[in-house]
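Look at the two complexes coming up: subunit A is in both, with subunit B in one and subunit C in the other.
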Partner chain A sequence: MVEHAYLIPLLPFLVSLVILFFFDEDAHSPYAPYLGIATMFWCLVQSLVIFHQASSGAVHPWPYEGSWEWFSFAADSAGKGFSAAMPIGILIDGAAAVMLVVVTLVSLLVQVYSLGYMHGDPRFKRYYAYLSFFTASMLGLVVSNNLLVTFACWELVGVSSYLLIGFWFEKPAPAYASKKAFMTTKLGDCGLYVALLLIWAKFGSFKISMLAVSAATPGVLTPLAATAIGLGILCGAAGKSAQWPLFIWLPDAMEGPTPVSALIHAATMVAAGIYLVAKTYFIYAASPVAMEAVAWIGLITALLAATMALVAYDIKRVLAFSTVSQLGFMLCALGCGGYTAGLFHLTTHAFFKALLFLGAGSVIHSVHTNDMRQMGGLSKKMPVTFGTMFVATLAIAGIWPFAGYFSKDMILERVYGHNQVMFGLLTFAALLTAFYMFRMIFLTFVGDDRDHERHHHAHESPWVMLWPLCLLAFLSVVSGAALAHNGFFEHLVNYKLPEGLMTETLAPRLMPYAVTALVCGSIALSWFFYGRNDFTLAESLKARCSPIFSVLENRYGFDAIFLSLVAFSDRIAKFAFWFDSSVIDQFFVDGWGLITRICAELSGLFDNLFVDRTVDGFGGLSMDAGVLLRSLVTHGQVQEYLMYIAVAVSLFTILILSR
Partner chain B sequence: MTAIHLIFPEIALCALALALMVADLFVAPKHGRLLYHLAWLASIVTLCLIGLSISDAARYQGLGSLWSVDPMSQFFKMLVLLTTVLSLLMGLEYKDLPPARAGIFVSLLMFASTGMMLLVSSVDLLLTFVSLELISISSFILTGFEKRNPKSSEGAIKYFLFGAFSSAVMAFGISLFYGATGTTKLLGLTQAQTGGPLFILGLLLVLLGFAFKASIAPMHFWVPDAYEGAPTPVTAYLSIAPKIATLAAMLRLFAILLPAKVFDLTTLFVLLSALTMTIGNFTAMFQRNVKRLLAYSSIAQAGYILIGLVSGTVVGMEGVLLYSFIYVAMNIGAFSVAQAVASQSSGADPYGLESFDGLSQRSFGLALAMTFFLLSLAGIPPLAGFMGKFYIFQAAVQSGHIGLAALGLVNSVVSVYYYMAIAYHMFFKPAATEEPLSIGPYLYGGLAVAVAGVIIFGIYPEPLIASVQTSAQYNLP
Partner chain C sequence: MPILTLITFLPIAGALVILCLPKEAEKPIQITALVSAGLSFVLSLCVLYGFDRAQPLMQFMENADWIPSMHVHYALGVDGLSLPLVLLTTFVTVLALISSLGIKERIKEYFFWFLVLEAGMIGVFEALDLVLFYVFWEMTLVPMYFLIGIWGGPKKEFAAIKFFLYTLAGSVFMLLAILAVYFNSTPNTFDMLALMHQHVNWSARFQILVFLGFYFGFAIKIPAFPFHTWLPLAHVEAPTAVSVILAAVLLKMGVYGLMRISYGMLPLGFAWFIKPLIIIATINIVYGALCAMAQTDMKKMVAYSSVNHMGYCLLGIAGLTATGFQGAVMQMITHGIITGSLFLLVGVIYDRAHTRDISAFGGLAVRVPTYAGLMFLACFASLGLPGLAGFISEFFCFLGAFQAWKVYAAVSVLGVLATAAFFLRMMEKVFLGPFNNKWAGLTDMNARELASIVPLTVMTVALGVYPKWALDIMKETLIYMINTPR
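== the complex of A and B ==
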């Protein structure tokens, strides 16, 4: 099965084209979704088989690589020319096997869920085509063994996220959000692009397995080059995974359909950045500076996003900030040498974050608003949604035995071993996580209904939307324990760091208990503020610390900074346009045109006076010659013709014989 | 009679023609079209016989007592048969032919083709003469086939009188040749046998006999009248098949069998070529009848092909072959369009230039196809005619006949004038009637083949050049 892993991205890709070009645009046509779902189900089955083979050690050699010739060309590196071959193929290692399962599973559930959520949308079929395309791009990124193909898929992920965030493009907000997401991630991609150029210049290859071998060979990769490449990749990852300072697009991306948000946040888009860093981990292993940068970027993001989530009232925004924060956790773990921890959290997070978004979608579907201030007391109306979301919240807060506990614990342990200041800050971020997540739960489901009208009309979602929630809830409970059992996950995705980076300061044995105790305290605090139907305490705190609140609500002004950057570019563009139209066009181009015209007039004069007369003269000459030739034959009589022939024959004879 | 198996295709075609003639007796006139279908199918079968044997070197490379079967002859035989097929397809759409005589018509056409196939293989002046006569007599009857049309009869009579005259000239030439060498065989002539004035005079007269069939000045006078009078499919056929077959025979006789070492006819060829081109083109300028115009144009085209003969080099020979091939496509195409237009013209002269007025509005595709053919005839890139002219003029320049090449270029420029006159009528004159012009399926098929040939071999001539090179390279003596 593993040798046919290329089918996993190719099938959804083909299906998306088929749906897009061959299906009727009919809001009630069931075939497009069912084709997409069936394909994704097949991909999930194949991924599970691959996962099983990988975890049972049935694949030899491991990691599996299948490579085909794509094209080759003459290249030049460091002054010596060579024929560079560009292979295309698949590379399945532990991380890829896990990601395949995560992406296909989440995508499948999202597609099933969308059957209910997007029911009756006028562009139903297009929605499914885009979903398949989005997933296919991400799967291509996961399985590719060539960084160039990875980059292409990376950009396709960007394109499809643009299409899906702006799916309701008639409304100004989604159109704006999709543009913002695309341009911000593109800003990060510039760094990734530079990194790719450097990699080509340094290695002369894009094949990941080859790069890993070369990077480990002493003397090939200087620390400086490794740092430059690593920072470039980090820049790309920061854009795609919404890390500081490029996280500004993710909250706005909430304008897309909620299932799409689930897909973006859990599996297809933001995971790409983390996955890319993991995939090129050998670069970071060669550069402690880049590694440290990864860790700090992750930490900063985790903290900033967590604080911003504290004050948001839009249920999806809270979740968006929480995603940013959790991605910061993963990046921080990767930066501290916690390859396994980062990927583990990526996996568990995918389940409970998809669940949270789908649950939020269910709530929004029911009450038709995103504002948590207009919700409250929904637990009685929507028991299944409440139950599953509560499970997910416990998981993300890190309560034993839910999935988040194991992964977060692994991260904190790793960070503790690396840097204890970092550990402190990250633990603080974890406490904030528990606080704002329970704030969301309390505001949404607990207490009295604050908007009676909405509450009255609220209803539980149909089962097609609920059973994906249940399945994800199950996974959110068991996946952590199951994967952590006996170091199963560590064994699967193991990455051996070079000796120098293995700073093994073991965390105290009591650390998990201490953290859990603190988290419980944080939850209690949250209940104290928001869980009791009495918000006076929260309101007074808000009034007293209003400057801090407004800073948080304005997202530390990062949006403003980027907007002023845009405005500045706008001004430069305006100036360039003025320069182009007033100086270059009017002076150079028009001036050159004038000179050309003068020359043309002169040339035309010459043509008229001399050339044309000559041509006419020749024309007249030809006519005269024709008239002459014709005048020889006037009567059309055979005798006359024969006479000419006789004369000609005689002349020819004389000509030949007289020589 | 040795090696008679070599001319099996000719025998087959001849037998099929005889069978069709007999079949004419038993087929009711209203089913006359059936015979056309049988005829073109028979031609295709013969074409396939030759085509299939081409790859089998052992079967076609051979020398009979009177004939030589080599790649060059096979190439021209296939061209002749191709022309026959396309002309028969045109005949299917030609309304003025009496269906009662269909069997006679098609079998005469096939007899003429048989004559041409023998002509291109002939290595003995006797066979040459006999096959020329076979072509001529069939052609005379075909020209006068439209008995109710006085022009047809006039053309046939003029053609016949000229034919008789030139046959006499040629027969006289052959007798002189025999007198000088003691044989009519063209192979194995010794140095002593060639070179005398008697021999050269004989060759000159034989050449004039050929010139009659190939419509080379000064033996061209019959052409406009015969072409104008003959039924259009016959005109198309006569303007192509006998011309290229005769040029092939001339190529064999004057460029391969008797290389100009002891006697030099090059000056004469230069003269003939120059004269033919110039007369053809300059007279064509004044024609108001498209058939006459194309008749003069075909005279001029023969002049161009003759340039390839003048050079006497391998490139020149290849040029002759290449040009002949392209000439088939563009001339049959032009005549097909003319026939289609004339068949639905209400004017006094159906073939007048006025019939083409506004053709682009009545049938844009037909007008476009005609433009392709005309541009190709004028030798404008990227159409096939350009490749042909380029090849031939290149050969002339390489062999030092720069003046002749220059004259050819001047003539090409002049020819653009009258070719574009037709295009002018098609695109810029208002149509007399808005009625869309419809063409029959068989004409349509022939046109499609011709357009494809003109365009494809203009843009991508490599396969054609390659086949021409192989055909011109290996020639039996």
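== the complex of A and C ==
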């Protein structure tokens, strides 16, 4: 099975094309979705088999690599050109095996869920084509053995997210949001692009297995180069995974259909950044500086996003900020040398975050609003949604025995070992997480209904939407414990850092208990503010700390910075064009034309006044001479002519003879 | 069979036939034009079929005395550098002619000039004699002048004369350089292949002077900053199909000249100019993209994006690496295909709406989905999306330049960002958002438009997904060019 892993990205890709070109645009035709779902199901089965084989050690050699030639091109080595091959192929290691399952599973569930959620949309089939394409790009990114192909898939992920975030493009907000997402990630991609150029300059190859070997060879990769490459990749990852300061696109991306948000936040797009850092971990292993930068970017993001989530009222935005924050956790773990921990959290987070988004979609589907202030008391109306979302919230808050507990614990342990200040800050972010997640649950499902009209019409969603929720809830409960059991995950997904790179301090044994106790306290606090149907305390707090609230609501002004950056570049563009048209074109080029014309006029004038006059003067002169001569021959007698001839002949004769 | 001669002069033959037809016979004129250009395309495909990819040197050579007293030869040949461009020319010309079937006035002259133009362009890429090269080079000028000046937009006369004079000014310097090369070679020759070996006898000073003479001619054509300002004007005023040819083929003559003549014959002059060249390339990329960002007219935006994209060619060349050269040649091809389709697409909307103002539209994707789809694809290809043609070529240019010029290449990456910015903004304003009811009567693309654009779209995808066969054609020649001892 593993040797045919290339089918996993290839099939959904082909299917998306088939759907796009061969199916009718019919809002109620079920064939396009069924084809997409069936394909994804097959991919899931294949991924599971690969996962099983990988975890049972049945794949030899491990990690598995299959490579073909994509094209060959002219390359250089020491000033000499030669023909180099660019490979395309698959590289299945532990991380890839896990990611394959995560991506295909979440995508499958999202597609099933969308059958209900997107039912009757006029562009139903195109939606499924895009979903398949999106998943295919992500899967390609996961399995590729060549960084250039990875980058290609990375960009395709970007463009498919552009199409899906802007799926309802008739409304201005999604159209704007999709552009913003694309541009912001593209900004990060500039760094990644330069990193790729550097990698080629240093290694002369993009093949990951080869790069890993060369990077570990002493003397090939200087720390400076490794740092530059690492930071470049980090730029790209920060864009895609919505890390500080490029996280601004993610809240706006909520304009897309909610199942798409689930896919983006759980399995595809934002996971890509984390995964890329893990995939190029050998670079970071060679550069402690880049590693530290990864950790701090992750930490800053985790904190900022968590605080922003505290004050959001849009249910999807709360979840969006929570994703940003959780991705920060993962990046922080990776930066602290916690390769396993980061990817473990990526896995468990995929399940409960997909669940949370799909649950939120179910709520929105039912009450037709995103604003939690108009919800409340929905638990009675939507018991399944409430139950599953509650499970996910427990998981993300990190309560034992839910999945998040294990992965978050692993991260915190790792961070503690690296830097205790970071640990303190990250634990604080974890407490904030518990607080705002339960705030969301309380505001949405508990207490009295605040909008009777909406509450009255609220209803549980159809089962096609609910059973994906149930399955994800099941995974949110068990996946953590199951994967952590006996170090299973650590055994499968691991990266051996070189000795001495990371200082190791073992966390105290009591640490998990202490953190759990604090989290429970945070949940209680959240209940105190939002769970008692009495918001006076929250309101008074808000009134008293309104400057802080407005800073948080304005996302620390990062959006404003982004907008001013856009305005600034527009102004530069305007200036450049003014310079082009006025200075270069009108002044210099047309100026030359003008000078040439003036010269022409002048020379024309000179010609008329001087040259021509001279010519005319000569004409006049000869005329005058003629007139003068004519006066000599006024009589016109033959004798006179004869006399002149005789005189002339005699003169000539004398002249000739005298020589 | 002198196949290259046939490729070059079939369009001329078609043009002569058209000249003999009465001007009311519109159908026969169109058919003659299509058939002659089409045959030329088919023959160039035959050359591709017979072309030996492992062989870096000239193939299909033809040689005959032309003006023996001055050692002028009629010499043609193609190698991995010129064959892709010949193919591009014949291919794009056929599509441009298909799109020109919508031309309504003075059909006879239009197609006549168009075919003469094609012959000139093909000849430039095939000529192996400097005089012949110069003749073909100038042969493109006159048809272009008439095509812009007669069938163009509101300011067509000014645009045409500006284009003509500007490029002519460049060619004059080129002519001087050609003569300088001739009189300083022993034995005196115009043979381009022989001249490649003459530089050992030439001083650096002489090479620099000659280089500048050639460069002036090429830079205007490319167009390299600061000689680029004729381009937006000419593009905006030219009819659609002429814009296509202008962007897709005519600009490439400059880059081709730079690689074939400046690099091949004048290594010292080229080495001397390499630093200015990388700076110009960076300016072209970043500044061209910025200028494009400020446009409100779609066609002018695409025109400035050409300035940006030709900057990538210069970037690749300035690296003086095999990868960079590969990128530059590939970029010429992909830019021809992508920008060709962009101009055709802009023409489609202009034919219907009679405006190209970006802010005049809105939400068109609902009304004209096919058009929107093709436009999106072309825009994404132009901004360098992987999987589409522009990415690989652009990437090679960067890769090649980066080995020699890290900072300049890194700065140029900003141009990629700006390119994305203006294309996305255009797509958002024209196709997304609320539908502007003013355009409720807009119809989607018709068969003629599809026939001219879809082949380009197909090529865009094909070259992006599987660039192997295109890269293979040019690879060996470019490696040879880099490795030739100089």
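The rule is simple: the second predicted complex is superposed on the first by the 576 of 659 C-alpha atoms of A that agree within 3 Å, B and C clash if a C-alpha of one lies under 4 Å from a C-alpha of the other, contacts with A are read in each partner's own complex, and residues count from 1 in each chain.
The working rule: a contact is a pair of C-beta atoms (placed from the backbone, for glycine too) under 8 Å apart; a residue touches a chain by one contact, two chains touch by 3 or more.
What you are looking at is a predicted structure, and each value in this text was computed from that prediction instead of being measured.
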item	value
Touching partner for A:R630 - first (subunit B), second (subunit C), both, neither	first
Partner chain in contact with A:P547 - subunit B first, subunit C second, else both or neither	neither
Contacts of A:L187 with subunit B and subunit C, given as first, second, both or neither	second
First (subunit B), second (subunit C), both or neither touched by A:L156	second
Partner chain(s) touched by A:W70 [first = subunit B, second = subunit C, both, neither]	second
First (subunit B), second (subunit C), both or neither touched by A:G120	neither
Overlapping contact positions on subunit A, where the subunit C interface meets the subunit B interface	none
Residue numbers on subunit A that touch subunit C, as the complex places them	70-76, 80-83, 148, 151-153, 155-156, 159, 166, 169-172, 175-176, 178-179, 182-183, 186-187, 190, 193-194, 197-198, 200-201, 569-570, 572-574, 576-577, 580-581, 584-585, 588-589, 593
For the subunit B and subunit A complex, residues of the former touching the latter	158, 161-162, 165, 169, 197, 200-201, 204-205, 208, 218-219, 221-222, 225, 264-265, 267-268, 271, 278-279, 282-283, 285-286, 414, 417
Contacting residues of subunit C [partner subunit A, same complex]	162, 165-166, 226, 229-230, 233, 287, 290-295, 321-323, 325-326, 363, 365-366, 380, 385-387, 391, 395-396, 398-400, 402-403, 406, 409-410, 413-414, 416-418, 420-421, 424-425, 428, 431-435, 466-468, 471-472, 474-476, 478-483
Residue numbers on subunit A that touch subunit B, as the complex places them	622-623, 625-627, 629-630, 633, 636, 638, 641-642, 644-645, 648-649, 652-653, 655-657, 659
